[in-house]
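Heads up, there are several structures right after this.
Each of the next two complexes has subunit A plus one more chain, namely subunit B in the first and subunit C in the second.
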Partner chain A sequence: MNGLETRGKTRIVLWALLAAALILYGFPFVYLLLTSFKPPLEAISVPPTVLPTQWTLENYVSALSREGVPAALVNSVITAIISTALSLMLAVPAAYAITRFRTPSGRVFIVAALVTRMVPTIAVGVPLVEIMRNLGLTDTSFGLAIAHTTISLPLSIWLMASFFEAVPDELDEAAKVDGCSRLQALWRVVIPVVTGGVAVTAIFAFLASWNEFLFALLLTSIRAQTTPIVIANFQSQFGLDWGGMTALAAVYSIPVILLTLLLQRHIVAGLTLGAVKG
Partner chain B sequence: MKLRTRTRSPRRGARVGIAAATALATVAALAACGVGGTGGASADADTLTVVVEGGGKAELQPIADLYKEETGTAVTLVELPYAGLYDRISAELGSGSPTFDVAALDAIWLSAFADGVAPLDDLYTDEVKEDLFGGLVAEAQVNGAYVGMPVWTNSEILFYRTDLFEDPANQADFEAKYGYPLAPPTDWEQYRDVAEFFTRDTDGDGQVDLYGTDVKGAVETEWLATVSQAGEEHMVLDAESGEVTIADEDHKAALDFYTSLLPFAPTGAAQLDWAGAQNLFYQGNLAMMRFWGHAYRGTPDDSVVKDSIGVAPMIAGPGGVAGVPGAWYLSVPRAGAKQEQAKDFVQFAYEHNDLSADTSLGLVARKSAFEAKSAEAGYENYPALLDTLNAPQTLPRPATPEWQEIVDSVLTPMLQKAVEPGADNAALLEDAKSQIEAILE
Partner chain C sequence: MASITQQSPLGAVEKTAPAGPARPAEGPPAAPGRGRGRNRTRRHLSDKGFALALMAPAGLFLAAFVLWPLIRFIADSFYEISPIAGGPRTFVGFANYATAFASEAFQNASVRTVVYTLIVVTLEFTLGLAVALLFTALGRRSSVFRTIFMYPLMIAPIVAGLLWRFLLIDNFGIVNELLYRWGILSSPDQIHWLSDPDIALFSVALPDVWLTTSFITLVLFAGLQNIPGDVIEAARIDGASYPRLLFSVIIPLLRPVIAVALIVRGIDAARAFDIILIQTDGGPQGSTTTLSLLIYRTMTRFGEPGLASAMGTVYLIAMLAVAITAIALIWRPGSQAR
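Presenting the complex of A and B:
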């Protein structure tokens, strides 16, 4: 067997594994999409069918016309944008300082930031409810965005730190020689180099807020209620509107898919950043 | 090395700046509140906030509308998913200053939240108690105080296919085989006979496609009703003495009957829950099912059995007819800022309980509200609910704060094992007893 044949077989195995992974990850979403086009009764048929026997938009009409759904979609967008902006505004300078100054306190800080991820979210639920009420931020998108930032910030700092690590210090030095201050070097020289990393971090922060359920449940009532809560409301103690639930879930996934496609180039660049060091 | 630098014209920079500032200002303005309308914490004296499970909002809306009309106080109904309502109320009561004035609580949560809600003893006059089902009054009382006022109640009743039961050929065949006329079953033996009779291959392809009944393994309440039907006075445990009763003879008899229906039910019982069973019935795969009474008024239009559904009271075991009351109660947080107004709304909701009969769920709590509609077309489920809820053996679930944990970690897993082939029911019940005792320690 020559090397060419071996490589060919390896490629086939790799493609087969890739296809299997794609089916494994993609099927639940495809099934959700297909279910959203089934008539309500068929959507929960036993045993379930994969393809609709009759295609209908009935679930979309009923889901989108349900009270509170349009407002919840807008609230989700606002909350996710604010949370993403807050995460980046805090994570970028924090990660830059940690990677450039390399002080012991910086190392302690970055480890401590990760430790906060190990605390179960529900454990901070009660204190958070009280804090938000004292700040007058209960049932506001801003209050919820702050809560979401507590989830995304630690990993945003870690992500940005790994991207900054891949940028040689010489770049900052060169910027300084050209007359930049430390902040100008960060803003005008280093950040443009790690745009891909910023995009990856932004998507991560956006998704963390977009899909978050527990804080949204505890901190919002009507004005700032986000879509995950509204989707969950399709299942009550008295019944499950599976068709409506899948329709709204399908609509809710569209912005994320569009965002990912829009930033795809940056994501790939971000993921490969630091893979080759010169 | 050549550094990448950006050159930007001053005019473009200004445009970008203005656009960014406008966008930020818009987002900030929206973020200050959200776009879901007014509501939330009711600091305003003329508003009340009521948290309610998604399915129950429709029940309370007509009462809230009338309250606003008569008193001028607007009632905001905050709809939250059932799966998260417990956590939300728990967190808010724990914080000491809840944002809601009234909460609609599932019966099984009353004992867990009893310390955080105000007693409503003054609302429970003799007249009120007489117009409520005994099980509901008993359930509302925790540690000697009434902690909630029933706002609607449900119970499992018997659903059956009238097209099958009224078919002369079926009637003749059934009587010939079992020696008594085919009719909606009233006890365990009849239920098993009818279930066996209708389990068949209707299209001649060699496969059974019609089953007499379902057996639900993924939910516990139906088996608990069977326990009460067996004659048990303390299902699972005696909340007062703390004695765990789950391994006694009545529980064993109930589990034996429950699992004896497996040959007449579709496979996959271990995973079958309410939604699955309901759908099997609507698809025409079941001749009978025991299900929550509200479903009668919500049959989907595309169900093949839409025009051939009959209802009857829940079946009886050796102890008599029994269901499990599925009531929801309005409670007022002890730390609430508007307790008097909140109690006034709770009383108003009780007085106008009949308004909920015309909602999509169509459930009420008072006997008089059930009776008022019992003879009306479209409310055929009401007599069945009345009979079941009035039955002496229709007993509430034990009042223990650990109930949800017992259900999730002991009862449901035990049932899922019991509906598997070769299960040893006695051993499963003994095992469950040990687990529950460990939880209660």
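Presenting the complex of A and C:
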């Protein structure tokens, strides 16, 4: 607290401002939820209603029983889990090496990871189509997870590097004095200290895969299709089913929103770490 | 620089010779620890080698699945390629680049990408800073609201795009309906958010702003907490008004944080694809066709992979150039690290 807080009457005005901002900010998703409980025809009525005149689960039942929807939800979970695991397995050792052994190659590596973030997805995605075909991974969750890892890996390396940075070198030294090898020092002593950081990194890697669209569009067709593609196909394939779309979007978004609320402290740490610590 | 400490009684420690200043006192000879035999083979790795071994898997992965595709993408830009898989390829030098630069579609899409990015970044920065200041002014009690404010960050861009298309859609969009009910609009179809080519580029930016303003808020809020209290105090004693305090003290102090937030968001906005695709598919009349959409269409619908690759390569080089210049100019890492 540094004297930027306000006291007295202006606080009331500020709270009112904040309330207004939150209502505006919250409205889109609240409206999505409300629409998902309307009868399908009311969802597209002219003029639109704010509250459902009749609450019903019809949209949820129809959306979730659509062909391909349950499979897509399962695919999304599988792809995100594989991609998260892959991302952590590759990022944790790399980030540790970058922060502990400040070699020139480490510096090159962290810059390369930053540059990867600036590459337009399509420039990697299009050639990946053929590469995956050659590897026999077209339309598989594993192939898509690899593609998603190209997005989450640079971010994971940055995040993990910041977390390792916060662990004093003396800890590794002590572990080695006690007879651990370098690898054991990492695995048995340092990683247990940064489990919080690993969890944050895992959440971001998971979300990157969960919400990704373009790679999924290019690399999957039937078997490995993830939910974002199915959500996007809702109108073209089934006419103007806005009700069903809102229901599926709610099903897809609510678990991650709840996750955010539960783990918000860690997530804030992850989001601001790289930026604020410079 | 850590050197190997689990030396054998015969003292193989000299072998490791760290590059940095030698560390004194490696401690007593290792206790008869576990896994001795296993470690003996690894002991020959220098620290540098060990570091390389740890980085190698990630490095190889990025080389195979980012660098290699990119090289192929750039190589494709010098060929005329038949869209049929396995079709003929003819080397055409820079012809695709000449076509790209001469094409009006490419020029317009480039301008739209810049405008879109500026709209997103400007709105997000203004709103994000305002809310961050609001949270700071309200202090600790605002923490619950900070959490609520974060929720759109987790929503898929495709969902956000569809949701906003639904909110802004002609005929039954709720935004126009509410504006009409409150007397701001004289008719619910007065504004054609997504079907009027003059404003569509602005409208498609709204979900992006909604989705990620919280990121800017969080980053700036964290930065605001780090401003030393005595600096604010001193400015207050000098009689600085709040706007003065904001523009001559707070914003300059936040500069590195602001730079990172804007660069990260700018890069993402310039790459935006699905959020625009799902709202307008580049329309109406191409008014929301940004570079990523144009490249995608040139590749898939117009069947010209070579031309699309040339456009993509220009786009990639421009992104890198702008981002690196921005980092060098505003971030100035090291000068004020925190």
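Structure notes:
Note that in this section the second predicted complex is superposed on the first by the 221 of 278 C-alpha atoms of A that agree within 3 Å, B and C clash if a C-alpha of one lies under 4 Å from a C-alpha of the other, contacts with A are read in each partner's own complex, and residues count from 1 in each chain.
The criterion applied here is as follows: a contact is a pair of C-beta atoms (placed from the backbone, for glycine too) under 8 Å apart; a residue touches a chain by one contact, two chains touch by 3 or more.
Values in this document were obtained by computation on a predicted structure and should not be read as measured data.
Of the two partner chains placed around the shared chain by superposition, subunit B and subunit C are both touched by A:44. Using the contact criterion defined above for the overlaid structures, shared-chain residue A:126 touches subunit B and also reaches subunit C.
Look at A:3: by the touch rule set out above, it reaches subunit C but stays clear of subunit B. Contact with neither subunit B nor subunit C is seen for A:16 once the two complexes are overlaid on the shared chain. In the superposed model, A:157 makes contact with subunit C only, not with subunit B. In the superposition on chain A, contact is made by A:213 with both subunit B and subunit C. Within the superposed three-chain model, A:139 lies in touch with subunit B and out of touch with subunit C [touch as defined at top].
In the superposition on chain A, contact of A:192 is made with subunit B only, not with subunit C. In the superposition on chain A, A:172 makes contact with subunit C only, not with subunit B. More subunit A residues lie in contact with C than with the other chain of the pair subunit B and subunit C. When both complexes are aligned on chain A by C-alpha atoms, subunit A residues 44-46, 122, 125-126, 130, 178, 213-214, 232, 234, 242 touch subunit B in the first and subunit C in the second.
Partner subunit A is touched in their complex by these residues of subunit C: 1-2, 4-6, 26-28, 30-35, 38-39, 42, 47-48, 50-52, 54-55, 57-59, 61-62, 65-66, 68-70, 72-73, 76, 131, 133-140, 142, 145-159, 162-164, 166-167, 171-174, 177-178, 188, 210, 215, 218-219, 221-229, 232-233, 236, 250, 256-257, 260-261, 264, 267, 271, 273-274, 278, 291-292, 295-296, 299, 305, 308-309, 312-313, 315-316, 319-320, 323, 331, 333, 336-338. Put simply, subunit A touches subunit C in their complex at residues 1-6, 11, 14-15, 17-18, 21-22, 25-26, 28-29, 31-32, 35, 44-48, 50, 89-91, 93-94, 96-98, 100-103, 105-106, 109, 112-113, 115-128, 130-131, 146-147, 149-150, 153-154, 157, 169, 172-173, 176-184, 207, 210-211, 213-214, 228, 231-232, 234, 242, 245-246, 249, 252-253, 256-257, 259-261, 264, 267-268, 271-272, 274-278.
Residues of subunit B that touch subunit A in their complex: 1, 3-6, 27-28, 30-41, 49, 51, 53-56, 76, 78-84, 87-88, 91-92, 94-97, 99-100, 106, 154, 266, 268, 275-276, 278-280, 282-283, 285, 292, 294-295, 298, 300, 302-303, 326, 361.
Residues 39-41, 44-46, 68, 71-72, 74-75, 78-79, 81-82, 122, 125-126, 129-130, 133, 138-142, 145, 170-171, 174-175, 178, 188-189, 192-193, 213-214, 217-218, 220-225, 229, 232-240, 242 of subunit A are the ones that touch subunit B when the two sit in their complex.
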